Every structure is written in structure tokens, then in C-alpha cells.
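In order of appearance the chains are A, B and C, and numbering begins at 1 in each one.
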Amino acid sequence: MCPPVQMESNERALLNGMSPLLSLLIIGSLHLASTERPMKKTLVFPVATDTSYVELMPQKDLSIASFTLCMQLATELAKGKREIILFAYRTEQFDELNVWRESDGTYQMFMQSSKNGVSFNLPELNTIQTHLCLTWESQTGMAAFYVNGKRSLRKLYKMGHRVLPGGRVILGQDPDSLLGNFDINQSFVGEITDVNMWDYVLSTAMIRDLNDGKWVPRGNIFDWETINMKLNGNVTLFSEDL
Amino acid sequence: MCPPVQMESNERALLNGMSPLLSLLIIGSLHLASTERPMKKTLVFPVATDTSYVELMPQKDLSIASFTLCMQLATELAKGKREIILFAYRTEQFDELNVWRESDGTYQMFMQSSKNGVSFNLPELNTIQTHLCLTWESQTGMAAFYVNGKRSLRKLYKMGHRVLPGGRVILGQDPDSLLGNFDINQSFVGEITDVNMWDYVLSTAMIRDLNDGKWVPRGNIFDWETINMKLNGNVTLFSEDL
Amino acid sequence: MCPPVQMESNERALLNGMSPLLSLLIIGSLHLASTERPMKKTLVFPVATDTSYVELMPQKDLSIASFTLCMQLATELAKGKREIILFAYRTEQFDELNVWRESDGTYQMFMQSSKNGVSFNLPELNTIQTHLCLTWESQTGMAAFYVNGKRSLRKLYKMGHRVLPGGRVILGQDPDSLLGNFDINQSFVGEITDVNMWDYVLSTAMIRDLNDGKWVPRGNIFDWETINMKLNGNVTLFSEDL
């Protein structure tokens, strides 16, 4: 949950010169900030930019041989328009772990490279929230996506590989250097919430439970309940009741 | 529920010179008319025309500053083929409130204009029934679609505007005058059921309940249980058990 | 359930020179073969070929005037790429009963012909399992698809027709003769499971129950629990826990 005080100052700052979508969302969060109900926080990227992004501070180094990464996404950028970066973990040298929605509507994961990713033909992203998870395990190289709790075909990718520490995780932009060299035509536009990451592979049953709002172990790399984020540029965090 | 007597006369009339789809549906309704089970009525537009439409008689004037409009839709007209009118409220002067599925698959709402609508990238319509709702509120201008109970991103549209009374509501055609000037290439082909409309914004939880078949307050503009309709041209109302 | 002994020999044979997807799945099944948990078997067609197919041995002749055919499908072959054969029942003379995903993403059923099928605009197949059923009844000619338990619009097709016995049922290829003349560009690539077929039309409620994993009468033409299959070429049967 984002602290109310910080939110209110964000809101005031943003009330000048913001987009219609943004102002709407802030009206919503102002209204809701006065209640005691359980709240859900969501990142809003209202327009395409090459400057706006959110850095996520992991609870531990991304020195990992397996992972589960989940998030909820909604976007107006339909298939056929352009590619969209969904998650970027970049070190000085490499795109260590990137997840993309390609312009043809497929999804792709890249490890330690921006070439030779592994591609999946999933249902299309749209303006309704999609619950997306991605699992990968070094020992077998097994990779799979989950959409709204249902698993994709599994594919082999980078068996024996290990994700290296020392980089930065951002949402909203694809960095071609550590935290820079962004391209507006790859930026994310829309809403992101429920970003969670584990350094192990959750079972299919757990990911179905997560999608259904049931209890699963909290993410030990990112836990959306307690996550530490740095917002940069035209991106805002709003809360609404569940 | 449509009255059995009227249905039977409809059916007999339509058994001459009707389309294969139509005849099938009538066979179904004849069979079902003899039972006591709870029935659901559905409008069938079997072919594209510039003459077939259904006028809906509202329970109160459409002089409204907010609304929720819901309907279930199924169509064989895939994205990429052509635009489809989903709902039209037309006064002498204006398209007061129109809802479209555009040819690129997006959805668009227009108020008091056929230009400058607000567009949403929703899941595609297809031959499986889609439960679609649209909410709008003048005070904030907030608009949102719901597909099968799940909300889209919200957008601002026509803040402070008011829908004016004195028009006519039709399904199946886009009127460029009060009840005329139809275009076959904009007509609806497929099935429409569960058309309900309220003069206020239902909560996300209520729209989820409506999609799940749970109780919500009945529409005070249109209530599909008791709605008064006038069928024109090659369109029929059939009933089947729930 | 495939017999464990046969599976293990399959697995050993396939560990030499197999595709990455295949090897992954075998690792999974080796692991699972040692448990006592309830298992689900799935056919995997890892790559496009004009040689790999699975023949299904029906419990009774396909001399039928109505049917329900169900299966679960997952594929990476997106719409726009090419057509895919989903089910083929071929006699010496005819394609008695074929089901296709066309290249434009629509689905088509053909009876006793490879022309003049009946077409449906359904949600797209993708790498997430889709539960697909198709019903047809000679008396009315009524045909309908069901996707994940939800019914399509109904259409009339081949009223009064009867499916003739004496042919062979295969998955994976479109035979232009009894069991031959395959075309690599029509082959199925992906996973198929839960193939069941009845010589009557299941109700909408039953098909919804089947999709929800509830009890329905077992298929009397094909019953996936006890089905007898012959695997040919690069196709494998693996089991995983439910």
C-alpha cells in the first residue's frame, strides 16, 4: 500500500498539466484515500514517452537460477500497432531478463540478450486487466506463461543459464544502457498492478490460486504489498478499493 | 418474456421464405414454447439489411447525466470486416448516444456527435455471447466498458454533458435521421439479448454480479424482463430455456 | 492412461535426436511416472510434418445421424499463418467429417466434402488450452461450437445427412486418401488432450459441466480414459498430474 501522505503530494503535483486519464484516476484516489477499506495500488502510464518509468527495488539480488514473475496489465496498445516492453532487468552489459509483447501480438522472453528469445502465442493484451505470469527454471530450461491462471505450452530456453546480479529492474521503458537510452515506440502505456516475483517456480495450482485471489507465498524478490518503487516522469500510483 | 401467443404467430409467418439460421431458431422456440421452464428471449438478426431493426421503448425519458448500458452480443462479423452498430439513440438533430464495434475491432462511444468518440481496445466480439456493459457519468466524464464482468481502463469523455430526451432507441441499424437513412454495411447481424439500462452508474461489483447471473437492481430505463419492443423487417425474437 | 512400461520405452527412444519441446515433456513424464497421483495424458505434436499422426480407434462404427465431438487444444500456430486440421474422419471416397481452424482464424466443419463447410467465428486458438466441442444433428441440421463451455450461434448444415461408416479417424494430418497424401502445411502442431465423442448431442448444460470437470456420460465413440490410439512419426503421449 502506498503511504497516504506521499500519495496526496503526488496528487497535488500532478493536478497541474496532467492528461485527462491521469486526472480522472487522481480524482478516484483522492476520493478513496479518505476511506478505511482495503485498497489496491496501480501504476498508470497515461501516454507514450521516452522518459517515464518506474524502478522496482528488489528484496534480494537477482542472482537466480529460476523464477516466477507475475503482473496484471491493461493497455490500449493493440496487437499490430507496435511492440511493448513489459519488464526489463538490465545490467551494465546485458538485457539480463526482458519480457515483451511483440507487435504481432506474441509474447517473448529474452535472457542475457535482445536476440534469440523464446516466443509464445498467448491471448492478446487489451484494456481489460490480464493476469500474466512467467516461470523459468535453469535446470531443465523449462519456460511457460500463464494467462489468467491458465498455463501455455511449455518451451525449453537457456538450460543451465543463470540470471546475474548487479542490474536494475524497471517498468515502462526498455533501457539500452543501465537506466537510459529509452525508445518512445517501445514504452508501456496503460496500467500495471500486482507485480510479484519469486526466486523459484510456483506450481500451476499456486498460479491458479494467485489469479483467483487466494493465498500464495509472498514474492521474495518483489512483493506488491510492500514493494519499494521510484516513479520517474509522467507515471502515477493510484489506489482504489478492492 | 415474449407472450407465447404472439411468438407462435411470428413463427408461422416466418416459416415461409426465411433464412436457414432463422428457421433453426424457430424450431427451437416452438419446441420450447410447450414447456414451463424459465425462458430467455433473444433478438436474432439473421442477415445484413438496411431495413431490419428493433425499437426499444424506454420506461422514462433519456434525459440523463449518467448511465449504465448492458447487453449480450454474439456475431459472426469478425474484426477487419466492417463496423457494426451496437446501440443507437437518435434525436431529430443528433446521434445522442451511439455504441459501435469499429472495423479494427475496437469499441467506440459517441455522444451528441458521430465524430470525436471515445475508443476502447476490448476483447473481440465473436459467435460466443459476450456480456458488454458501458458506464458514463457526466460529473467526472468517467467512461468504462465491462466485458464479461471485467472492467476496462477508464477514460474521460464529455465531462459536464447531458444526454437529451426526445429521441428513439434502436438496435440493428445506425439511423442518420430519426428512424431512417440506414446503411446495410453498418447493420448488426447476430444475436442480442439481456439489454438493460440504468440512469446511474452501477458499481464494478454489481456489474460482475450481473454477469454472474446474480441479483442486481432492475434497469429503470430498459429492463429486459419487461421491455417493450417493436420489431421491424427480418428480425425475430425467440425464447429458449435457461 | 498410457501404460507406464510403454511410456518408458517411448521416452528412451525419444531421448535421442528429439526436439527441445519433446525432451522437456518427457522429463516431465519420467518424473511423474513414479507417482500414484491421478494423471492426464496429452498428445504432443512438436513440429510440422507430413508424416506424424495419431489414429483413434472408435468403440463403434461412425454410422451416425448426430454427434458431439470434444477436445482440448493448444497451439503456437496463430491465426493468419495457415490452416490447421483439428480432426479428420476419412473413408476411401470422402472426407466424411473434418474440422479445421482456417488461416483467417475461423473454424469450419465439412461433411462428406472438402467444400461447402459451415464456418464459425470463434475465439482464437493459442498456446493456452482451449476446450472445444462441436455438436451436429441430422434431423434439424443444427450445428454449434462450444468454446470453454460457452455456445456459439447455431447454424444449419446438411439437414438429413448421415455420417457413413468404414473410414479411419486421425489427428495431426488431413488425409487426401484413406491414411495418406498428407500436407505439411495443414498438419497440427501443439498439444491435444481430452478427445471424446458421443453419437448424440449433449446439452449445453452438459458441455458446460464437461468444461468445468464435472461428471458427464462417457463418450460412446471415443472415451479419452480408455481410448485406443496408434501413434505414427514424431508424436508422443505424455502424462502429467492433474
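Side notes on the structure shown:
One rule holds in what follows: a residue touches a chain if its C-beta (ideal position, glycine included) is under 8 Å from a C-beta of that chain, and two chains touch if they have at least 3 such contacts.
Since the structure is predicted, the reported quantities are computational estimates derived from the model, not experimental observations.
Think of chain A turning onto chain C: fitted on CA atoms, that turn is 120 degrees, to the nearest 5. Residue numbering shows that chain B and chain C use the same positions for less than half of their mutual interface. Chain B and chain C have Cα centroids separated by 36 Å. None of the residues of chain B touches two or more other chains.
Residue ranges of chain B in contact with chain C, taken from their complex: 20-21, 23-25, 27-28, 74-78, 124, 126-129, 190-191. Contact residues on chain C toward chain B in their complex (touch as defined above): 104-106, 119-123, 140-142, 145, 147, 150-156.
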